[in-house]
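By written order: A, B, C and D. Residues from 1 in each chain.
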Amino acid sequence: MDSNCPPVCILDFEKYAYSTLPRNALDYYRSGADHQQTLLDNRAAFQRYRLRPRVLRDVRKRDLSASILGERVSMPIGVAPTAMQRMAHPDGECANARAAESMETIFTLSTIATSSIEEVARAAPKSIKWFQVYIYKDRSMTHDLVIRAKQAGFKALVLTVDAPHFGRRLADVRNKFILPPHLRMANFNVDSKAAKQAGVSAGGSGISEYVMSMFDPSVTWKDLKWLSSISSLPIIVKGILTAEDAEEALHYNVAAILVSNHGARQVDGVPATIDVLSEVVKTVKGRCEVYLDGGITNGTDVFKALALGAKMVFVGRPMIWGLAYGGEAGARKVLQILHDEFSSTMALMGTDSFALSCMLIMQILIRKVVI
Amino acid sequence: MDSNCPPVCILDFEKYAYSTLPRNALDYYRSGADHQQTLLDNRAAFQRYRLRPRVLRDVRKRDLSASILGERVSMPIGVAPTAMQRMAHPDGECANARAAESMETIFTLSTIATSSIEEVARAAPKSIKWFQVYIYKDRSMTHDLVIRAKQAGFKALVLTVDAPHFGRRLADVRNKFILPPHLRMANFNVDSKAAKQAGVSAGGSGISEYVMSMFDPSVTWKDLKWLSSISSLPIIVKGILTAEDAEEALHYNVAAILVSNHGARQVDGVPATIDVLSEVVKTVKGRCEVYLDGGITNGTDVFKALALGAKMVFVGRPMIWGLAYGGEAGARKVLQILHDEFSSTMALMGTDSFALSCMLIMQILIRKVVI
Amino acid sequence: MDSNCPPVCILDFEKYAYSTLPRNALDYYRSGADHQQTLLDNRAAFQRYRLRPRVLRDVRKRDLSASILGERVSMPIGVAPTAMQRMAHPDGECANARAAESMETIFTLSTIATSSIEEVARAAPKSIKWFQVYIYKDRSMTHDLVIRAKQAGFKALVLTVDAPHFGRRLADVRNKFILPPHLRMANFNVDSKAAKQAGVSAGGSGISEYVMSMFDPSVTWKDLKWLSSISSLPIIVKGILTAEDAEEALHYNVAAILVSNHGARQVDGVPATIDVLSEVVKTVKGRCEVYLDGGITNGTDVFKALALGAKMVFVGRPMIWGLAYGGEAGARKVLQILHDEFSSTMALMGTDSFALSCMLIMQILIRKVVI
Amino acid sequence: MDSNCPPVCILDFEKYAYSTLPRNALDYYRSGADHQQTLLDNRAAFQRYRLRPRVLRDVRKRDLSASILGERVSMPIGVAPTAMQRMAHPDGECANARAAESMETIFTLSTIATSSIEEVARAAPKSIKWFQVYIYKDRSMTHDLVIRAKQAGFKALVLTVDAPHFGRRLADVRNKFILPPHLRMANFNVDSKAAKQAGVSAGGSGISEYVMSMFDPSVTWKDLKWLSSISSLPIIVKGILTAEDAEEALHYNVAAILVSNHGARQVDGVPATIDVLSEVVKTVKGRCEVYLDGGITNGTDVFKALALGAKMVFVGRPMIWGLAYGGEAGARKVLQILHDEFSSTMALMGTDSFALSCMLIMQILIRKVVI
């Protein structure tokens, strides 16, 4: 990308962010766990699926919208929860939420955000907002957040289940990564340990030490039950990678399953999300909604996930790179490009809508290859 | 390739063109859609097929000729339609057509050529010419072209079915690619929008904007019916990649199917054409002729396509590189090299003719491998 | 790794050692046989196994310990026998043994060590020590070592069966590798040929010439019988790569099988150890313990080996790099990092213990992929 | 390889030759056809076969010898026919034959050698010599050569069946390769066209033009019959790559089949020879001897070919590199290294002899992998 050329694809935003963000923040955002095999695979895996386009179908009008937990979104591409977005741009989560709002899609706020539930609600009142939940050892902390989210108009709870422990991200350990002093965990009381601890390193990754000391590694399916007992919001479990756990989740009446490996940040060597999507979709058999995140950087990636049975996808890092490029406008442009690429892919695939299509029809559009 | 060494294979022409064509034109010619996975795969896929040579057969006399829609060609290698060839050489399509004429093979003229139907007919009166059709929103435009093509002696219509929308070619978007001012869409009235629009960019790829505003994205199989109702010329559908669409095409009595992914320029992630050829051939079962284009740069590629059931192959970019190297003579040399390589491959494979060979026999000559 | 940044993973130690060890020693330590295909594969193969994490299980308390031939180790990661460790650090085998001691795991001493059985026993009296046996042409030499090992408190004999001949390690041949003059084969009489020969080269690899002249290439299963007749210590056969030999070993009542290809140092082109583990485990069906070494550099590698049925793994080179980095402390840090990574992997896999888990359950956690 | 370090493996000789031979000769020797996919694959394919070593077998005495067409060779590694060896060293074919003689193995002389049948016979009277036959349009030329070979004590005829046409080797075309003026096709009369033509280029590869004008492209199995009618020497057909042609050859009572793709010099895209060996061996079922050449650079390659059913292997380029390095001594060293590597591989594989082993037993030692 020439410096004077505006970004035309998601990788352009990424390149820009790589060359402008401070090392500390950049490394935190981009890293995967350990030697990052899964980080690469999350993207590379999409290339193993070939699209089978159908021709001579009327694709003038294409309906990209979807109905997600009863709410209409203009496109099946939403914003995944990522922590501490103000390191990428002063407006952080608020800018991101506004971008989602203007694109009429879902924004998910992380528990460990640098903007609070209420700030985000004020910044993007009309957007569909979901709140991502981590379960603290001190259950009352989680309890309060959940109540506040509901009050602030958030529409669903996203329970992250793949983080009983914090993944080893080597760059963070090397950098002794901490939240910069001018930022804080905005969902917590200024003086609480939960707010301050992330700004401290005992020798390794500060954020890792934060999580280890605060989050509860003994969380089980019973805590999911507890969560649904304290809130009427629908619950999405985020971080399922196996048919076995999908079955278990259904047992607990979750509203949706988000197939995710946490952006390859937890344990290296797990499958790319797109590679396990079918397994989960086939187990769920329509009993709840299924979404996917991980490695999406392109409209064809979105199409592939939907053709394999996901109702919606979410993007994490691309939104950070958008923020870094231009705050709200940058984040919006990321969503807009994905929208346009997805729309164009639909046209060229001879698909005018995913709304009516059943899985069987969809799977004609795709084939996994072994090269 | 040393600068003083004449080209000895297609890649030599490509290298030459890469180092001499203006960036704007070069990028337009070489690009594939999005991140160009399929562009690479179109070529790489040929390497996944292994030739099984038969020995001690008399191969002194080899018959390379073929009968295509009733016309005799000296070899089963023709010229695919590519737009705007005068950017590569002042003689553009006319030079290319003359090259095809002297090699006694088929030349296909694009709707959006920089030489008109009549100019090409005058330049290469004895060649077998086909006309490639895009369906304009304003059907009368397409209607007129089809009538003129027939009058000018063109022998068939090639309906391109994989372009209801224009593929995202990132370099063109970055370059804000437009047709250079001294050239024009020669098949249209000088002052018409259809002639001028390609020289304008509203901020992105000018050619993309042209296509989006002029071509009809609502085209369906019914329009194929319409096309055959307005012309007695045989119709080849270009851009089929699935058994399902091949079956559909047969239903509409097409004369031939051209298995093509438009040089990987439409939607990234579709299969390499050689990888779907068998699927189409097996569906068609001889009910119409089947051709292939995409990624052919070598005589062994031609052999592989024929062994897998194609009656003929077409080359797009190689002809552009030939033009760039030396106008008509360059284009002719490209065809000559492919001819010689194919002839040599036949000899070394123990094959003296494809004319009599049935598919079963041919498929002994090839085997797909998973490495 | 910046020079001022302490190592955070095994590869950091490796990089450090690569840049600091003298070429002669470094090449000896790192080389594999011939063109080192298997050396690369030993590591790469682990990446072909994907982890399938289970979520929402209580993983606060994780039990990493294992019971190995009746002895309790704090983690299923031990130290493989590697020759001549004093080239990496003056404290050599003694430092390594102390590191194992402080991590409460097994240390294996090579026959051709630069520290003697008795020195190591004194240095690390409380550690669990195993003695690795090579069978000398002069059986009395082996006999004496075995007796001394038992007297010094070693708990098992590891009979290396993959070295009837010495693997061609090209760098050693080029370097005419010999043991540096200030070091010696410490298990042998100062003046014996067995002690001195390794310091001499007749033109190629000195160590290779040593082995060729001293070790017996005619060793068979009968010698295993002989070995068990002269010592009551349990015998582990090290270097089994096939189901057939595993079956044979069981026939001779071995206590355990160590699936190993000698760090890819014997014959190039053999499988990565992780790729044959299942074959051996399925043959053994619990009739003896099964361990693995080769290519382990990460906590996830350990997890994968255990999920595929190994009771314990051993590391060779990583310990050398640890020694090179900081003697005993460096070696200990290597073990500590592997411990922590393995512990973290267990947490993120939803596994609190391997003790109770049967193979069936474990194999749910892993799947081999063909990419 | 440091310049002052003697070669320790075949690749060292290759590197040396690459840096010292004149470009014209080097390119002729090293090139494969077209884009050299098969050239790479000939070597790479060996890596797809994994060795399964057996342990604790007495391998002190290993018998490498074999009985080939009734003659005893000291090892199953012989010299393949390669043309014009005096470009690599003034002693050319004579040096090579002497090297084979001193290693007690087979030397094959090419029809288009730069040393004559009689010169070679004089140089290496005690070696087992085979004569490689090309069939000239003028049958009397071939007839004479065959008679002379028998008279000179050659023991078999190797009929090359994969060269009815000359493969396109791009470097030779670029270099307009000709035999240097001081050398000549030594098997022909000084003034004959057959001797002189190779020193002339009409614009492309001179050797290619030579072959095209002299060799007969209409050769069939009948000519094999003719060949056996004019000589009592056993006939080996060289260049079979399919089960079908192997069956055909058996029909004509050949003494042996040499699975070969002519060093990947004829048509690109054919399989690596090791990949089709099994197919041929399974068809032949012991009805004649089967050999292999192509890509062998290592003792493990030899072992793999034998384990898959070849009785012997031949090396082409390695001998040229040996000649380039040091004439007869260099060529001998190449054979010696392959001998030693093969011997060492046998030891480490637990194999003391191939003589008795039946194919079934052997195939336990190897397994093809898809990575």
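By definition in this document, a contact is a pair of C-beta atoms (placed from the backbone, for glycine too) under 8 Å apart; a residue touches a chain by one contact, two chains touch by 3 or more.
Remember, predicted model here, so these are calculated numbers, not experimental data.
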{"item": "Where chain C and chain D overlap in contact partners, by chain label", "value": "none"}
{"item": "Interface composition of copies chain A and chain B: same or different, split at half", "value": "different"}
{"item": "Most distant chain from chain A by Cα centroid", "value": "D"}
{"item": "Chain A and chain D: spacing of chain centres that average the CA atoms, whole Å", "value": "60"}
{"item": "Approximate Å spacing (C-alpha centroids) for the pair chain A, chain C", "value": "42"}
{"item": "For chain A, residues contacting two or more additional chains", "value": "370"}
{"item": "Chain pairs that touch, as defined at the top of this document", "value": "A-B, A-C, B-D, C-D"}
{"item": "Contact footprint of chain A on chain B as seen in their complex", "value": "34-35, 37, 48, 161-162, 164-168, 170, 173-174, 216-221, 223-224, 237, 239-242, 244-245, 248, 266-271, 275, 370"}
{"item": "Chain B-touching residues of chain A, taken from the complex the two chains share", "value": "1-2, 5, 8-9, 11, 46-47, 49-60, 298, 300, 304, 341, 344-345, 347-350, 364, 367, 369-371"}
